[in-house]
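We just call them A, B and C in the order they show up, numbering each chain from 1.
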Amino acid sequence: MPASRLSRFEAFSLFAFRYFRFQTSLISFPILVSSQLLNNSTPQPLMTSLTEHLWFEIPNRRGFINITPTIEELVRKSGVSEGLCLVNAMHITASVFINDDESGLHHDYEQWLEKLAPHAPTSAYQHNRTGEDNADAHLKRQIMGREVVVAITKGKLDFGPWEQIFYGEFDGRRKKRVLVKIIGE
Amino acid sequence: MPASRLSRFEAFSLFAFRYFRFQTSLISFPILVSSQLLNNSTPQPLMTSLTEHLWFEIPNRRGFINITPTIEELVRKSGVSEGLCLVNAMHITASVFINDDESGLHHDYEQWLEKLAPHAPTSAYQHNRTGEDNADAHLKRQIMGREVVVAITKGKLDFGPWEQIFYGEFDGRRKKRVLVKIIGE
Amino acid sequence: MPASRLSRFEAFSLFAFRYFRFQTSLISFPILVSSQLLNNSTPQPLMTSLTEHLWFEIPNRRGFINITPTIEELVRKSGVSEGLCLVNAMHITASVFINDDESGLHHDYEQWLEKLAPHAPTSAYQHNRTGEDNADAHLKRQIMGREVVVAITKGKLDFGPWEQIFYGEFDGRRKKRVLVKIIGE
């Protein structure tokens, strides 16, 4: 291997390192493998991960927001072709779940959760003695779930025909976050 | 490194590429690392993923099917030794969950879910105004969950003594899919 | 590349292999990439996984245990900087979930789950005809969930302000296990 070729690899290496360092939330690990073995001179990234935090401030106590387009955009940004995408609420009175984007169904969820874990009387919950009035929100979130894990196949969320990702708020009127973590190659 | 050795690597490289290309659902990334450093000439696969879609058509509205043997077979097929296996319903009126393969318990689940989210009267749900009669199925699925993530250790599902994976149908009599995604090495 | 340099790599390779072989539950794959290409002589581990089983024996039928410090310690031990951490109950009458470490809330969960899936009368459940009295525990566990998947970012669990991981027991007074699987780099 002549010295001039090595130098070109070193230059690329440095470029790749600098490029990815300035993508603050995109942590990439472009491990370069010998072009002699792979029989071409394109460097091969082996594993990539992307971490993003989405912010929400729902004006009411409860609400559902379809966050699918945002997650799709992050999958594109990650460059991951085959992998897993974790989306989870970072707050314990909120949910991330997958279901139908149909307003009648969301109304049904709202009524059903209120029947299974009613907000009032707030004094019925020991948790509310701490000064909170959101004990019911901690219960509702267990029914709807904290997180979803979605497969990424050929660079896209591997979804069935009606699957949509929702942020479910049960104690809003304050800022809250959702974490998106993508790993794969 | 003599030129003749390089040629053998190139030949293997090409073989591996072609072999994996023809395994339609098995996407493998046998990144080869310098034999000089690993001090042997065997190429090292670094990360592998497998994607499969399973089809179901349950003749009744509701039913539970033990899919553990199928998932075990896919883990073997993937060749993954250490990793994660995601199994999720691709339809929003169905579940994938882990529990006991005991018919009495399945009867109890059926009765319990019907009590928590009754099918009738169907007019009690706004979702059913769309022409569907399956609003209860969307609710039942949230209790039982959309997905499971199972560890793969030493090439096998890392299960406790009674853990079995089930497909749970709450609005059957039509074709539905389950996604299996395995990643690891 | 002089022969003396190769020998140092071989020595490290051997050391790494032996070191990791004796860490029974820490399976690491320190694939070494050419120092010529990365322009430094430090070997690069590409993907790491850690598998641990935690044991519990709760003296009562039901109980919640905060296992967050243990999981944090395992994340440190794994050396994973970016990845996913799966924590799941290996028994089907127990849960792993994320919520608040507040005793009033735990009391509320206990009362709520007992209302949604009462233990008695045990004869109300077909599952209990097998000689068990724990059918309610199989139901409660579906509400609270089997597992959580938590992102690892910069070597730490990527948690919101109040997120804590709990083991939830619904049929205790016997030995049970929780599985922790960490994958990433």
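Observations on the model:
Everything below uses one rule, namely that a contact is a pair of C-beta atoms (placed from the backbone, for glycine too) under 8 Å apart; a residue touches a chain by one contact, two chains touch by 3 or more.
Small disclaimer: the values here were computed from a predicted structure and weren't measured.
In terms of inter-chain touching, the protein chains here all touch one another pairwise. Although subunit A and subunit B share one sequence, what matters here is the overlap of their interface residues, and that overlap falls short of half of the numbers used. Note: Cα superposition of subunit B onto subunit C, rotation of 120 degrees, nearest 5. Between the CA-based centres of subunit A and subunit B the separation comes to 20 Å, rounded to the whole angstrom.
Shared contact sites, meaning residues of subunit B that touch two or more other chains, fall at 33-34, 46-47, 84, 116, 143, 145, 149. Interface of subunit B with subunit C (complex): residues 33-34, 36-39, 44, 46-47, 82-84, 97-100, 102-105, 107-109, 112, 116, 143-145, 148-151, 153, 158-163, 184-185.
Residues 1, 6, 9-10, 13, 27, 29, 31-34, 43, 46-47, 49, 51, 84, 86, 88-92, 116-117, 125-130, 135, 138-139, 141-143, 145-147, 149, 177, 179, 181, 183 of subunit C touch subunit B in their complex.
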